[in-house]
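Structure below; questions to follow.
Order as written gives the chain letters A, B and C; numbering starts at 1 within each chain.
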Amino acid sequence: MILDIKNLHAKIGDKEILKGLNLSLEKGKVHAIMGPNGAGKSTLSKAIVGHYDVEITAGDISYKGKSLLELSPEERALEGIFMSFQNPVEVPGVNNAYFLRTALNAKRIHDGKEELNAAQFLRLMREHLTALGMKPDMVSRSLNEGFSGGEKKRNEILQMLILEPDVIILDEIDSGLDIDALKAVSEGINQMKDEKRSFLVITHYSRILDYLKPDYIHVLKDGKILKTAGVDLVEKLESEGYDWIKDEL
Amino acid sequence: MRLINLTQLSAIELDECRNKHPKHALIEKVQTLGLPTRKSEAYRYVEVEPLLRETYEYAEFAPKPIVYGEKIIIEDGYVTTAPKGIRVYYSDFDDVNMNHYDPLYFLGHLLSPKVIMIEIDGDSDIELLHRFTKSNTLISYRIVIKNQTNRHASIYEYFESKNAQNSLILYGYDIMVTQDSTLGIIKNQTINDNAYNMVASHNVKVGKQASMMLKTFDFGDSSALQLLNIELDTHAMVDTGHLLYLLGHAKRGTVSKIVHKGEHTHSTQEAKNILDDGARGIFDALIKVEQSAKYTKTRQNSKAILLGEGSFMVAKPQLEIYIDELEASHGSTTGQLNNNQLFYLQSRGISKIEARKMLIIAFANTLIETIRDGRQQEKIQKSFEEAFYKKDLS
Amino acid sequence: MENKQIDTVVAGDYKLGFEVDIETDTVEAGLDENTIAFISQKKEEPKWMLKLRLKAFERWKKMSEPHWAHLDYEPIDYQAISYFSAPKTAPSSLDEVDPKILEAYKKLGIPLDEQKQLQGIAVDAVFDSVSVKTTYSEELNKHGIIFCSISEAIREHPELIKKYMFSVVPMSDNYFAALNSAVFTDGTFVYIPKGVRCPMELSTYFRINALNTGQFERTLIVADEGSYVSYNEGCSAPTRDEHQLHAAVVELITMKDAEIKYSTIQNWYPGDATGKGGIYNFVTKRGLCQGENSKISWTQVETGSAITWKYPSCILKGDNSVGEFYSVAVTTLAQQADTGTKMIHLGKNTSSTIVSKGISAMKGQNTYRGLVKIASSAKGARNHSECDSLLIGSECGAHTFPYLESKDTQGQIEHEASTSKISDEQLFYLRQRGINEEDAVSMIVHGFCKEVFSQLPMEYAVEAKALLNLTLEGSVG
């Protein structure tokens, strides 16, 4: 168990969105969360990374045996939690490579490793750029500024590859991607799979799941996980929707 | 009938103002602000000084009886006609905004012993005609508009004149847009051949959750200026703008100050200026967001097209902001018709003159089309085209 | 983010607030004809200069202090200021400069010795009222370039001074310019001859050190036909409880095909959080693009001063001439800045660019005021302005007052402005990647200023970034 969420209640503004959610992520496994719009999928991912919109009113999220709730967003990141944002924000004037080197070095210092100098880092970044089929000018452009939807998503994956996190949350990583981009992104993700790392894939569509081959499917509805099953469940959800699922508890 | 000279204000005898601010308070206000000169920021781009130096004929306050008619008609400062269902009467006024920036606002009140009160009941569409028939005369009147909560009202105002040369008209509104109501004002004013001189100075308070629309359409070859002071209470909205199509040596435009006082207030301001011959367009607009006005949204924009060799655009879109929780932006462009567009039209066989006309009309229409009422929109369209086709574009 | 946290992030301590203890020759406070005669005599000026000073003084007495700017400050007592302060021992070579002054400049990161020369930058350092040392003069002489203190220029190059001084900023141009014209103590003069590309960056460092003194320097740069120069100025002052006045005048002239690039990194003492102390920075800077195809470019990074009032301007007289203004102005604590530019288009096809970035934090008030005027003679003139404000905290203010006047039917003016705070979303994104809050704020602010920093010469861009960090980061942890 790398991440354990128990009886999580969370609000955004005055509205309670998560109502006693339980979920455990196993090491080395890919967990997919599916559910109708407004079920609380994004709130769940925001709660894990400590987003300012979300107020946790009850329950706990523990990571590697310790509660996350008191940690700042950057502390959670340094501990190894990474989220690929659904709509990565544009930060004008902040150089993409500079930003990523700063983030990587913060993590390396945290892990007791030596910082990478600019040349070492650029070598690393360029290798990944090529592998992801991204343009070399990603080094010099401003963070996400003027990126197409596909470029933004690939840039998220690039960051994930470089930061080498332990828990990876992919929030609608497939939205707005054409088939080539979807393949490249999926390959990037699959490349990261190993026995220590866990993935939490939040999605509406089964398309990406064909590539990512999740170990578990969780259905999130009305602020709770109502069903957990193997990948076979996807087909049923695709054809029958979510209405048939009732609280099993 | 007697003569009046505004530069010797304290020396002249005025009717005692019957409002909360006695005559001397208003005189003091005019004196501390000073009568506008060329150096006054708000009047820098119009020549108001010579107008104020003139000696005018000036009549004692003498209202006439009001008869019923289709619309409100105000002739030389007095109401002659008013429709049924709307209360129009003369009244004392004790709500002069002592924080207004415009000295002529106070002067207007000083010269108006009574205000014309227009109380709008329910949902109404009102037409208001200002008519001027006297020359060499100072015509000063203030109008107060009150509407009702949860009601929607609109006022369409327009202007007529006959033999009003060399008269100076000072008028303006004090408007309280009541909580939860909406009020729209559309002004249609064509002035040609220096038919009269006008400075209109308005004061608007938009109450909680209320919404105000104020769009003015100024055409012709003669000068005039309007000044706005607008304050927004919590959740209030204002949408204002002007369209100028000016010819000859007209100097016209808007000087405005919009103050966001309450939280969640919205303002948009849009100016379109088409300036031909030696005309001068003015857009001197300040948006102030006070510290109390969290979550304000404000947008301000001015676009000008200079067509004449001597035409001149003065754009001063200004933001004064004391809070960080807001969205604010403004922009201004001054230029010409887009050459690519012109060329595109010409390449389709349209003559250059016709293509220019099409683009100018299209530019004007972007603002004219924001008028929701179809009939009002048509009238504005007609006034614009009359002014526009008067000019030989070749 | 909690406001308190932001405050500690943005309220950097003033790191250049040390005072140098050296013997100075300071004239008693007060201003009359005798003071002016004293300054003129100290500077060993010719008679004609004294006459001009006295004329300026006569005009100044008839003028009144302007108050139209969006600034709020206590009245200045012009009789309480000392108008002249000089290190007692006047140096004639680097070896003779008081070691304490050299040390002071070292602290500021402005070594007047070999090191700076290796970087290929010629430096003139103005300490209180006098220029202490101009480096690299000989090398420059070879190219016929004159780079010296203005006092020296008055003595050695009277024909150039008579011709160009007051030609761009007339002595009675405004209240502070008139005061400067009467009492200016030192400053820099640069002349680049025809066709010469100045082989190195020129730089002046200004420091107000003595108590209760004002600094009134005057800079004049003339770039003759086809020449080019990049000139930089830096400023600092010790931490004091009293306000000190800095009223400088800068005049630039470019002839046909010439270019001047003028960069300023202004870090006068800003005063404390309650508005106590700090420099009043009232400066008149103006450039005249006299010749065709000439260009003047102003870049400024303003982080210091209690009050800043300055509008580096360009008069674009020559056809096809180009004016540029790039500015970053930071106001934190109780600082107030009313700054911007004027672009006056007179010649045909002239063009100007304005990029202004204002950052307000704590109780800082930041005003952009800019005038773009296109005369009817300026056929085909173009201007593009961008004025963005970044607000940090709920007590600061950002104000944008552009004046755009166009009389040209072929010209084009575009102005865009936006005001925003550091978005929570951006901050969160960076933090999710493991970057701490302080670094994330600094990163976003740097990104916001990037367009302006990229205009600075390399060494100064580094200095500007470091300075911004000092101002913004401060005493966390």
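Keep this in mind: a contact is a pair of C-beta atoms (placed from the backbone, for glycine too) under 8 Å apart; a residue touches a chain by one contact, two chains touch by 3 or more.
In this text the structure is predicted, and so the values were computed from the model without any measurement.
Across the two interfaces under comparison, B-C and A-C, the one joined by more C-beta contacts turns out to be B-C.
Set against the C-alpha centre of chain B, every other chain centre is closer than that of A. Mean C-alpha positions place chain A and chain B at a centre distance of 55 Å.
Work out the mean CA point of chain B and of chain C, and you get 42 Å between them. Separating the centre of chain A from that of chain C, both taken as means of CA atoms, is a distance of 48 Å.
In chain C, no position touches at least two other chains. If you check the complex, the residues on chain A that touch chain C are 49, 51-52, 72-74, 76-78, 82-83, 85, 88-89, 91-95, 99-100, 102-103, 106-107, 110, 142-143, 159, 163.
Here chain C touches chain A in the complex through residues 423-426, 428-437, 439-440, 443-444, 446-451, going by the rule given at the top.
Put simply, chain B touches chain C in their complex at residues 291, 294, 304, 306-336.
Taken in their complex, chain C has these residues touching chain B: 70, 376, 389, 391-421.
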